[in-house]
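Common to both upcoming complexes is subunit A, partnered first by subunit B, then by subunit C.
And now, the complex of A and B:
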């Protein structure tokens, strides 16, 4: 039996699936990220310290995964919250989705630019 | 519908009662906090590309070594740990694990939050008191 008060449109299957995939990636990569920054390098974080870590390809990869998965997970999560309030119709939800993709890609571009010296 | 099946049905619809409702509300609040933190984090860390040898970034990093900033960081760790562990519980429920026992799973997840937080708090408080990390 389905409760009548709950909308049947819940954001789409793919966004649901990607939210779970990025969640798992974030748990693993964020654990690595927090152990390095908040436990091993507490009080020592600066440009040199961060740069030394990014010199290891594996940790650059972790940062790129964090950037992409973090932005997707954060903005899709925000989308799910906002769709419960004002962006309730399909049309409004679509506008919201497009707007958030623009914001997300801008952040992705900015973050990639910042990491570029270690990526290239 | 009798008690048990109805409770199970409501879990699927997101209309959990008591523990589940608070778990959902805190999940949403911590999520929103983390969205805004992530935006600020990307903007601030990326300033490493401004000025010679990360001058702009080093200025920010000095500020974040202040005890008040370290305590705020610790609050952020709570948001991350809660969101992560409650998220694990939600993924388990997606796979149908623990739907009947969601309360015990929730409190087990919270126990993991407390244990992980204790480690971060120990490191942060050691840093505030001695000015050094536990590994340095």
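And now, the complex of A and C:
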């Protein structure tokens, strides 16, 4: 193994750190989400009642954070797994990272679009 | 005089006649109670087959040369007394997942290149003091665990992250990086950190902990690697790793 092969690899700290931060956010936001959905239920789970609940700015914020943290945590975890296998070279790893960001942003856009009537 | 059966994995991949792996059995008769696996291998080499190859040196579990895969676990042959294995069949094979040279001898070139790559020495930027660099007992305590590494390669051979990724530095090199980063006398800072804080360094470790189970010196490379991950964050955000 040539030393130069290894020295070309950089970074990784931020994705490691954000994986931990999003894990904590998931626990907190998921707990709030589940408590408000299933324990402090607002009656029938129908469109109007769910709409009323989402109209609360705090809960909408929690749902958006939950969405972002969930997408980041899942796709970054998938990236770590895939980088152990076929995506081992720097070039392939970069392609994978860009690809997953595109997928993640698309999911985020779709989720935000679904929540948009209550955000606006 | 009790008899003990040895089942050895023999292979000479460079032989033109017989490059295939095969299992061979030998019965060793010994006096007294204390026979180590290494002594058993000596006996086989002397009495049955002088071409049996294995590494050894200190015979006191301090040099790390005789690491092998013995009865389903990574062990040092010199440290393993057969009576503690509690069986009369001893199965010995070379450390898996490493290129084979012959019989129990594996190629450790990549292992030592990676070890050297993490700069396993004290790096100082401030001028040398006139006397020795004082280290408090509390600071010395921090390197108690990692200084005991004997570079036998058991952790490196057992790490699934290292099996599939030839550029991953592996637990032994990273534990050595931890040993110097945690040392109060070391001032390498970002110079060494650039070598281990990357996706072929500490972030390739998925805390599988095979290394902890494999280590014949009962060290904890995973703990060292986790310390390094946190140290990288501390250095990046607060400018100080320790």
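Please note the rule applied: the second predicted complex is superposed on the first by the 102 of 120 C-alpha atoms of A that agree within 3 Å, B and C clash if a C-alpha of one lies under 4 Å from a C-alpha of the other, contacts with A are read in each partner's own complex, and residues count from 1 in each chain.
Here is the rule we go by: a contact is a pair of C-beta atoms (placed from the backbone, for glycine too) under 8 Å apart; a residue touches a chain by one contact, two chains touch by 3 or more.
The model shown is predicted, which means the values in this text are computed figures rather than measured ones.
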item	value
Which superposed partner A:113 touches (first subunit B, second subunit C, both, neither)	first
Which partner, subunit B or subunit C, touches more subunit A residues	B
Contacts of A:88 with subunit B and subunit C, given as first, second, both or neither	second
A:74 touches, of subunit B and subunit C: first, second, both or neither?	first
Which of subunit B and subunit C A:65 touches, first, second, both or neither	neither
First, second, both or neither for A:43, with subunit B first and subunit C second	first
Partner chain(s) touched by A:30 [first = subunit B, second = subunit C, both, neither]	first
Subunit A positions touched by subunit B in one structure and by subunit C in the second	1-3, 5-6
Residues of subunit A touching subunit C in the complex	1-3, 5-7, 9-13, 15-17, 80, 83-85, 88, 93
Subunit B residues touching subunit A - in the complex, by the definition given at the top	1, 9-10, 13-15, 28, 31-32, 34-35, 38-39, 42-43, 45-46, 48-49, 53-55, 57-58, 61, 64-65, 70, 73, 77, 80, 84, 87-88, 91, 94, 119-120, 123-124, 127, 131-136
Sites on subunit C touched by subunit A in the complex	109-110, 113-114, 116-117, 161, 164-167, 169, 194-195, 197-204, 206, 229, 232-233, 236
Of all residues in subunit A, those that touch subunit B in their complex	1-3, 5-6, 20, 23-24, 26-27, 30, 34, 38-48, 50-51, 67, 70-71, 74-75, 77-78, 81, 107, 110-111, 113-114, 117
